[in-house]
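Below you'll find a set of structures to go through.
Below, chain A partners chain B and then partners chain C, in two separate complexes.
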Partner chain A sequence: MDDLRKRAKELLEASAVKVVIGYENGTENKTRAIFVEKPEDTGKLIFDSRCIMNLASYLTKHEVKNKGKMAVTATLPVMRAIIQLASEFQVNDSNLLVLGITPESKLIEFKDLAEVESFVHKYQIEIDVRNKEMLDKIDKMPASERWNFWIKELAPCFKCYACRAACPMCYCHRCTVDFNQPQWIPVPSHELGNLEWHIMRAVHLAGRCVDCDACYNACPLAIPLNLLTKRMLIDAKEHFGGYQPAIKAEHLMSTYKPDDKENFIL
Partner chain B sequence: MADFEPRIVAFVCNWCTYAGADLTGTSRIKYASNVRIVRFPCTGRIDYMLLIEAFNEGADGIIVSGCHPNDCHYTSGNFHARRRWIMFRSLCDFMGIDIRRIKFSWVSAAEGAKWADIVNKTVTEIRALGPYDEYKKVAKTPEKEVIHG
Partner chain C sequence: MNSDRRLIRKDSLEKLFKALKQNNKTIIGPALQNGKISYKISNNYSEITSDYIQTTQSSKEIAFPRTEKILAYSKNAEGMSVKGIDIKDIPEIVLWGVRPCDAIGIGELSAIFNWDYKDEIFNNRLSKVTVLGFSCSKADEYCFCTSVGGNPGNTEGSDILFTQLGENGDYLAEILTEKGSLIVSMAEALFERAGKVEKEKFLVDVPVRFNHEDVRNKLTTFFESGEWVQQSLKCLGCGACAYVCPTCACFDIQDEAHGKSGSRVRCWDSCGFSLFTLHTSGHNPREVQSQRWRQRIMHKFSYMPDRLSVFGCTGCGRCSRACPADMNILEHLISIQEATV
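Let's turn to the complex of A and B:
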């Protein structure tokens, strides 16, 4: 933590970056994002196990981007998100410096995004045991039971779009749900709109989701919506050889192989 | 239940399946009249949201069909579509949507008989499954009325 503060201070004093994005203490023992622009404020920066928010979601916001070069405190999932964003031309070396935090909570600084990429590639994206059990449980249900499960789970959703706001990959200036001509997804908190919103969200994140669980952590109703993106991750592995964010890689859903295998087309 | 006639919506590409369905007609092959065909430039243009929309509007079954691999008019539209179908179909299955009601197929402009066969088989199967009440119950929304003015 001291390393992080010291390095942030150096960077700001040398004007190497204009803003350092990190975590600070919030209310009720929670942490929140902080945008440090003055060297004397770097003392507010913290890092501990409570810091689970994905800060990469700020990198595409013009309010932050317009400040100038950014440095971001990045855990492994955040680094993955950064690499995916780089492959989608949303961030690059000239506007971003990564202050990495290894899974052992050590500060690690990267010269450029290519270094971040090779660090990220040392770790495979793994779905944790608890979620895996849940996915298996749902898979084993008969279809109608699955349907009822999801209708019930999604019922409390009132489409606050916190999942969208927390997700680093949901950076479209205008999201499909914001359109009302035509209105693709009914706005009220209703079974149909909820179902459609979550299907849409999952499909748009297919082959892009880095499995950081920011959406689930942001959901005020703790809807297990991350199971849907996790399922897409498993499918990507099963059908297209797996997903690992890479700067030069083609997006799984915008490329194809002539011999992609399926067993359902008549 | 005995006199239930399923409503099927078919999303087809202009260059192969639509022409194939046309051939079915000009060859005077009789097939079930339950299908409503929606013509698209390419299977790559068929957004998965449209498939969900069809169920919302009361479809009991859906057929999605286009050119065989390597035959796409735009060279790769059907390859892209195939990737999306694989993901989308799996997600639908995971969410409990009845994937027996969504049929995907490749029908070329020369396969008029295959088209008739696919439609007939789908209609028979969906007739046996009955109306898609599970979805229709959810799809009944007051705001839908407003949208259509």
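Let's turn to the complex of A and C:
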């Protein structure tokens, strides 16, 4: 933590960055984002196991990125999100510096995003055991039971879109659900409206989701909507040889090859 | 009417629940789902939980549902038929286990729905609701009812307010309205005479953290403050705060057509969304999140007291608990009060 504060202070003093995005203590033992712009405020920065929010969501936010070059405290899921964002031209070396935190909670310096990418590629995205078990259980359900499972789980959703807001990959200026000419997704949070929203969200994240669980952690109603994106990751692995964010990548959902398997077309 | 104070034994609450069911009341009470406490239709007393500080969502849905079909139409050879909501189709609801900061919110919400236009659907729904409030013996860091004029044993908005007299104790029942008396009449024997009870000593102490009138005064010259940008940098721009809020009343009207029939649906909306103020021209008067955050605070602490003589905040703390970015409204209101500009 001292290393992090020291480095953040140096960067701000040297004007190498305009803002350091990190974590600070929040309410009731939670942590939250802090945007440090003055060297004397770097003492507020913290890092510990409670820091699970994906700060990459802020890197595409208008009022944050307009401050100038950003440095961000980045754990492995945050770094993965950054690489995916770089591949989609949302961040680059001129506007972002990564203050990496290794899975062993050590500060690691990166010269550029290419170095971040190499670090990220040392680790595979693995779905945790508890969620894997849940996904297996859902897979084994007969179609009607699976349908009812999702209808019931999605029923409480009131479409606050916290899942979208907290997702680093949901940076679109105008989301599909915000269009009304034509209207693709029903606005009311009734059965059909909720179902279509969550399916659309999951499919837009196929081959982009870095499995950080920001959507699930953000949901005020604790809907297990991350199971949908986790399932997409498994599908990406089975059908397209896995998924690892890369700066120069062929995107899973927007790349066509003549020898692509078509066994998923019913 | 003056409140009638009675005593109800702890074990008698279940009997009261059964008596209400026998009188064909739909009981909505706090229940656990996915680790969160929500208001649910309760068929058995065992489904109701009493161990909670506050429910995740407010009880506003009983009069202002998240999605409500306000009319249905169909076209046929004879012409067009339109059907609205029939008050007879709205069930008689007993809202069980409402905290005082939620009960008072119903009045604030009502002020909005009766400002100029009297919202018939809202009023009809509300007329069928009886509120059984339960005072607070516990609070958390998010609670601030006493800073906005409330308190953990506030009777306002409840038809009966129950206060537990110590852990595992019996309950003081303050019967506050005609609707409350009607509930008592359904199980008269359960309500005993109460002796002298000092209710206040069983309530949690929620310290006053700011003065809402001071905040209101500060806001009259605070519109251009840089504080809004500072506070809202971490705001992600979702609508969680508005949707869990007991007094947020914004809605959107959607028409859902299917061939020759369809319906008009009222759905919750939020000033936190950029789409909320987007004009057809493409211009958006609230272009960035700081302007939307300012609107949220101004509406609750300046515009509402100016126009409706009520504040739009009950201090329930739900918005802060639900916020994925830990935007703590209490902290922000204190900084507004303390700001020098």
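As a convention for this text, the second predicted complex is superposed on the first by the 263 of 266 C-alpha atoms of A that agree within 3 Å, B and C clash if a C-alpha of one lies under 4 Å from a C-alpha of the other, contacts with A are read in each partner's own complex, and residues count from 1 in each chain.
As a working rule, a contact is a pair of C-beta atoms (placed from the backbone, for glycine too) under 8 Å apart; a residue touches a chain by one contact, two chains touch by 3 or more.
Model, not experiment: these values are computed from the prediction.
Of the partners chain B and chain C, which touch A:262 in the superposed model: first, second, both, neither?
first
Going by the contact rule set out at the top, does A:188 touch chain B (first), chain C (second), both, or neither?
The answer is both, since A:188 touches chain B and chain C.
Could you say whether A:239 touches chain B, chain C, both of them, or neither, answering first, second, both or neither?
First partner only.
For A:164, is the partner it touches chain B (first), chain C (second), both, or none of the two (neither)?
In the superposed model, A:164 contacts chain C only, not chain B.
Quick one: classify A:62 as touching chain B (first), chain C (second), both or neither.
In the superposition, A:62 touches chain C alone.
Name the contact category of A:16: first (chain B only), second (chain C only), both, or neither.
neither
I'd like to know which partner A:150 touches here: chain B for first, chain C for second, both or neither.
Touch status of A:150: first partner only.
Classify the contacts of A:1 with the two partner chains as first (chain B alone), second (chain C alone), both, or neither.
In the superposition, A:1 contacts neither chain B nor chain C.
With both complexes overlaid on chain A, does A:222 touch chain B (first), chain C (second), both or neither?
In the superposition, A:222 contacts chain C only.
Do chain B and chain C touch any of the same residues on chain A, and if so, which?
186-188, 190, 193
Help me check something: in the complex, which residues belonging to chain C touch chain A?
Counting only chain C, the residues touching chain A are 33-36, 38, 56-57, 66-67, 140-142, 229, 232-234, 236-240, 242-244, 252, 254, 256, 265, 267-268, 270, 273-275, 288-290, 320-322, 324-326, 328, 331.
Residue numbers of chain A touching chain C in their complex, please.
It is residues 26-28, 30-35, 53, 57-58, 61-64, 156, 158-162, 164-166, 174, 178, 186-190, 193, 217-224 of chain A that touch chain C.
Which chain A residues qualify as touching chain B in the complex?
Those in contact with chain B are residues 138-139, 141, 143-151, 176, 182-184, 186-188, 190-193, 195-196, 198-200, 202-203, 206-207, 228, 231-232, 235-236, 239-240, 252-258, 260, 262, 264-266.
Flag every residue of chain B that touches chain A in the complex, lowest number first.
48-49, 52-53, 56, 69-70, 76, 79-80, 82-99, 103-106, 118, 134, 138-139, 141, 143-144, 147
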